[in-house]
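Dropping the structures in below, format is structure tokens.
In what comes next, subunit A is part of two complexes: it sits with subunit B in the first one and with subunit C in the second one.
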Partner chain A sequence: MNIQSIVENITINIDGQDVEVPKGINIIEAVKMVGKGKEVPHYCYHPKLSVAGNCRMCMVEMGMPMRDRATGEAILDENGVQKIGWMPKPTIGCATNASPGMHIRTNSEMVKESRNGVTEFLLINHPLDCPICDQAGECRLQEFSAEHGRGYSRFIEKKNVKPKRTTLGPRVTLDDERCILCSRCIRFSKEVAGDDVLGFVDRGTYSTLTCFPGKDLSHNYSLNTVDICPVGALTSTDFRFKMRVWFLKRTDSICTESSVGANTEIWSREGKIYRITPRRNDAVNDTWMTDSGRALYKAIESDDRLVQYTIEGVHKSPEEVANAAVELLQLGDVALVGSAHSSLEEQFFYKTIAERCGAKVSLVSHYGEGDGLLLSEDRSPNLRGALVTGLIDQLPEAKLDALAHDINSGAVKTVLAVNEDLTQLGIDSETLAKVKVIYVGTHANKTSQVAHLVIPSLMVFEKDGSFINQSFRLQRFKTAVPGPRGVKSDITILEKIAAPLAQEKAAPALAIDELWLRMVKTLASLPESLSWRSLPDEGVVLDAKAFLDLSFVETKNLKYDPVAFKEAHTASAQAPAAAAQEEA
Partner chain B sequence: MAKTKVLERKPLSFAEKTFLPQIVTGLKTTFGTMLQKGVTLQYPDERPTIPDNYRGVPTLVKDPNGREKCVSCQLCEFVCPPKAIRITPGAIDAEAEPERAHVEKAPQEFDINMLRCIYCGLCQEVCPEEAIFLQDIFSLSGYSREEMINNKQKLYELGGTLPDKHHKWDKKKSAELAGNAH
Partner chain C sequence: MALQETRLIFKHIDEEGYTNDIDCYVKNGGYEQLKKAVTMKPEDICAEVLTSGVRGRGGAGFPAGMKWKFLDRKSGKPIYLVCNADESEPGTFKDRQIIHQDPHQLIEGMMCAAFAIQAKLAFIYIRGEFFQGYKILERAIEEAREKNFLGDNILGSGYSCDIIVHRGAGAYICGEETGLIESLEGFRANPRIKPPYFPAALGAYQCPTIVNNVETLCDVKHIIEMGGEGFAKIGTPGNTGTRIWCVSGHVQKPGYYEFACGDVTLGQLINDVCGGLKPGRKLKAVIPGGSSAKILRADERFTGKLKDGTEFDWGIEDIPMDFDSLAAVGSMSGSGGVIVMDDTTDMVEALANINYFYAHESCGQCTPCREGVPWMRKVTQRMVDGEAREEDADLLKSIADQIAGRTICAFGEAASWPVQSFIAKFKDEFVEKAKEQAARRKEGEEVAKETTLI
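The block that comes next holds the complex of A and B.
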């Protein structure tokens, strides 16, 4: 199915215009490639699923250059141009592959009439639910009915009655009356999620989508069926009736659930996040993401969120806390417990701080079971970032036994902990009481409770930054919602700590662009020409040569194969080429 | 500079100099009007009759069965030019209100900020459920800004019941109960 890897181009004619398209591409994709907003309307076709061809919405007229059957010679018209033999009936675009010389009409009378007819049939039993339907505003049926429908109904008979408000699984609610039987969800469950739970029962207009007996739609990818549903049949139980989509602002982001780094879109209104959906990136997550990753934003409003800068539990200004941190760090005997959840920019700062105060850096691994798709074994989004910034040079351990030993022996007097609860990592509270702790994190835990200084940090939805995923792809995320009141961005406060350590003056308001100028100068793995703002939406693959000897925990998943990855990056001369190819 | 033209003022005639004709004309108007029917109203004791299509304070109405009509589609919130409307949508609790469970959706909160409202009537025009109407209330006042924000309860108090004959959701319910023909 990888269209990109096919290089051979052929010429086809779309609406009287010759265009070059890759061989084997289907008509829907070919028309999309022509651009200019031209689109063949479709419901059942999805670029990442098999072709079913059952909605009949993508009808186009097709013709081939005429040849004499006996001799094979081209038949010419009076002008000496080869005649086009148009098919008497329209054909579906999704299952028609482009072949050389093919002629396509996407806008002829016959095409318009067939779309109109298909729309009328689809609307026969479709309820007039738009005011209470969550899909309104992003509903393909709504859009195409306005565009290609007749605008009024000729149907006077009673509409079909089907089950409504069916609970398909823990996160998905089904309204069968709205279903247009496109079978995208069925194909997704079978082909991508690998859990064949959905199917149609009954015949004709009584066809009904349902779960197989004794099964439910509970796999960790169930909400993708809601995303690909072209109508409002499958709805997210969590997002149901929460907000109309036209009020929501979309922000590009990256999922922090695992090192896969699925590309996401954050849907927010007035500083409140309502849902997270996947964003298409063919090199990372196609158009999917996990259900568990979509729920991560709920931690924003949790009660144990850290929102105040404190010294010994007393509320202070950010500057006072930063100064106190500088004083503590200058005393020496510092240990830094970094985090693979920090952005690349923050890790760059922690590396700088560790260098400037001679701190020993340790990182903690967060490993879990992978599912072979979009949930990798490494449950931190930016472990590769810690390697690239030089924060660590070995893979992290699960526990901090070495640090516990250092504390007990008196070699460490101050611990700068980033988003890790040290009491869970082999350092009991007695040991922790022997040192002064500077805690930087988003949520309160046992370590933040005993910390000398607490610096609240922003969550991924509240700041700009970047992560490096399992295949060393540098990806950018943007601010979707403002952070808690009074909490400054991490890089601002880290600049206030890092600069005085080297007797420099801190930049008053450090912009991420300025920081990136420093980063590309310092870090060998980042190309000089790179800047945060110019990072493409699909990310940039970094040179991973230096880190190939490390035994990363990720096993084969949707877009990552450790063996193939190593091979592609080992041949050093071809590495840039391979990266470029993967990029393409 | 525009050119100005100086006009010669005509000298007053004898009659004009006495001012009597002018006084008489004026008094004629005064007495004439005094005997006619009054054109003003003794507001607030007397109230004007409000035309049917008058655009007064927007209100929410209930259907003939006294049930909430609004399904919180938020189209009025979207269309409202001064952003006076603010809705928190929510689901209808099927267990608490089984007879209305098939409507599925209703506003949890519905606020119209009357300090912002410009009485344009777009909310009424856009409403697919005919739930919001600009009625005949034209004078409203309050002692605080909060008082000027009409919440859902106040909106229903002001709106009352609309005796329409659509019964859209009742039809839906009876179709659901009747089931399919086969």
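The block that comes next holds the complex of A and C.
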């Protein structure tokens, strides 16, 4: 983004059409910018990795305006137009950078013929086991073979034999016969993950991808190699042979692992999630995400999932539990333990509830070690949300000592706990027994076991909402799968609690857009024009000026630098969008 | 035309009593040119080399002076000089003789070149199989260092440069200059993409680097001795200096012969210099510049125009042995490996042999070469093994056409030119092979004799 705004635009000619592109951009990207479904097919090139130029699929014809060598003057044809000196051989688009006046042909006979040749070569030793290959349906080789191949084989010799099931690491299995040796995985491990573990052994047509001796592909980004593998060579051991990808529904979501807020795509079918993959957002996570973040959906089907509304352990209807909660909260002496895992919408409700029953709000920090890439120190997705909604105005503490004191002194009689196990946070079960607990959460724990009221909550995959990440980027997630049977969405149940507290009538079925109308009115940081539905896919950067004095724990990672962030937001508080671009 | 060899680089090769130690070299006037060179201005030497018109002896025939001119001197990075001694083109055996018998000539040439381009360090990348040559070079460098012909403050000139000998590990692709640089840096010898990695700008360790062939670097010494113009007088305009022709195959006296460019025709080289073919045999074909050069058929007529516009009409024996003439007849002088084939040669087997080599040596980095060349090998192997089909000739040509010009380095051309030219000139033999095998199969006879490709 930043680069494009600074670098000058130049005019090049693609297939007879003059187009403006940023100077120095490569031809693959330039053609993509032209749009209209135009594409230079490629395997080894990846926008976020170095250029290898080895697949030879992105061949284009290139020509430059002719100049007289001696005088430097333009050579004109009979019509007075400068002649184009076409190169006799095709060049690769990935390593050819746009320069003024450059002419490109992406579909000439020579280009078609060389793509056809490359496709044929890639297929002769390929097992062609698409019917049993996981990549089928999202395989570049399959797509380009249909588009650019000749449709029949001239190869009657024996194919090369290579290892079929190499375990590269705990999560990745390799089928070497399918590998087209594009080296994307090697470059990714080296350049992005910073763990140089992959390489080729043997030579020529026998080249085989493998791990270096004594190493394995176990870093927390190993599954990205599966994503960027253009064929079915690197497969996720978890997803392998589970599902055909064309049956899967894709839903945009946000990773909840840390405050990075990596953009993700949830792949589900009939209410079951099969995998999570990263979604490109150049300001947040490029095209990557952690392995650990991909496994979070497994908690959906965990045995300790809360699926029933209960009062004193007895199964009740949601309305009964909501009413009971209202009654309890109206008695006063309430403490609220919020969560940075809640969505912005839920936090807005908790803030409302806390105001209406005069509750003291505390939040607990979940910090860990950052990896400098896409796993930040703050292991909650929405701490900024709690600040923006006003739920808290200070950074959270590690323990709830103050609350323990308040309980013991009798100042607190009721605790509304959101997704936190209080017994782990400095409140022993003896202390906890002194108060009535309303527990809202996704999974059972020691607190939910002793809670007076239990309100099951939905996981991020099961509801609509939004989070605010480390750089105050508001990002939206959508429902991928339905929640457990009978469990209502959090905002529906919270409306039933919050409204009666102010003697209002609860909206019968609160839609998220309706809630957003209230939110933009109330919350200063949210521009009034904003609505949940109209949030762009890449998110919106909010004005963070009010929170710059807080010392957030995140250190520098892939797209976030605390120092630069602060500077950018101090300098251009008037134009948060521009600030976001600087920071990106 | 005289049939006298013009021995310039090979002056002392095989000379009675000539040894490869420094005393013998100095006694024969050695290191005098280096002494002269360090008193000259580096840019003057470069200019002399440019004037001399000396062209690269490694295969491509690119003017060395021009190559030096492309050197990126503004970057402020150190400049490296690399001697390409990875002589691995089948049919070529000249560099080894220089290294074994006259290593100091190479060292002197290299130091002159290093001084001219102001290299910080020089490397000799020597083919892994040349272990003897490696030892000889190591000793020679030690001797030269003792006498201050290299090392710190060479001959009191204030210029310092050393030579490091680096052994390859047995791969043809290490002779490709960017592959060589990768290998020198300790990686797999995968050639780099050009652009952006032109050695003159981003070579060894991403610094400007000049890679020259052994013979080319030896020429530098002689250019200093004779001056650029003096050197240019040898040979013909555009084809200056001498060339060492390594003649192998079906001739009576195979070996290396040094002639001024254009001084001798192919026919003279075979018949007079190498003693002709074996009795009763007829010339069938010649590969004039190492196995990757396009083959020339004995009964062809070559007509066309030379660079300077003169028309020619030659039989195979009339072709003058120089860069431009061989290029004009559709082949190349390459590395100077002349492979002669007489009428006993089975062209299918000959091609199968060449394909076997290239399939084995493809580095495997880019698709067309990695997949296409072994495919050609499999096809020719199958033909030799008795399963030839009449359509195989066209298939081979089509595969080769899909490789040439589509790869990262020139290996693609090196591997497809033989196939393209064999099919273009001997297609009838490939088709005949299939027919013959089919006929034998019908008769119930053994289809193919056992052939071992090496």
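In the analysis below, the second predicted complex is superposed on the first by the 566 of 584 C-alpha atoms of A that agree within 3 Å, B and C clash if a C-alpha of one lies under 4 Å from a C-alpha of the other, contacts with A are read in each partner's own complex, and residues count from 1 in each chain.
Just so it is clear, a residue touches a chain if its C-beta (ideal position, glycine included) is under 8 Å from a C-beta of that chain, and two chains touch if they have at least 3 such contacts.
Computed from a prediction, not measured in an experiment: that's the story for all the values here.
Overlaying the two complexes via subunit A leaves subunit B and subunit C side by side, clear of any clash. In the superposition on chain A, A:I180 makes contact with subunit C only, while subunit B stays out of contact range. Contacts of A:R240 after superposition on the shared chain: subunit B is touched, whereas subunit C is not. Judged by the touch definition given at the top, the superposed model places A:N125 against subunit C, while subunit B stays out of reach.
Applying the stated contact rule after C-alpha superposition, one finds that A:R250 touches neither subunit B nor subunit C. In the superposition on chain A, contact of A:A136 is made with subunit B only, not with subunit C. Once the two complexes are laid over each other on the shared chain, residue contacts for A:Y206 go to subunit B and to subunit C alike.
In the superposed model, A:K158 makes contact with both subunit B and subunit C.
Comparing subunit B with subunit C, more residues of subunit A are touched by C. Nearest C-alpha atoms belonging to subunit B and subunit C sit 9 Å apart in the superposition, given in whole angstrom.
Looking at subunit A, you'll find residues 158, 160, 206 touch subunit B in one structure and subunit C in the other. Interface residues of subunit A, counted against subunit C in their complex, comprise 51-57, 59, 88-90, 92, 95-96, 113-114, 116-118, 120-122, 124-125, 154-155, 157-158, 160, 180-181, 200, 202-207.
Subunit B makes touch with subunit A in their complex at residues 71-75, 77-78, 89-91, 94, 101-105, 128-129, 172, 175-176, 178-182.
Of all the residues in subunit A, the ones that touch subunit B in their complex are 127, 130-132, 136, 158-161, 164-165, 206, 240-244, 246-247. Against subunit A, the residues of subunit C that register as touching in their complex are 171, 188, 193, 195-196, 359-368, 370-375, 378-379, 382, 395, 398, 401-403, 405-408.
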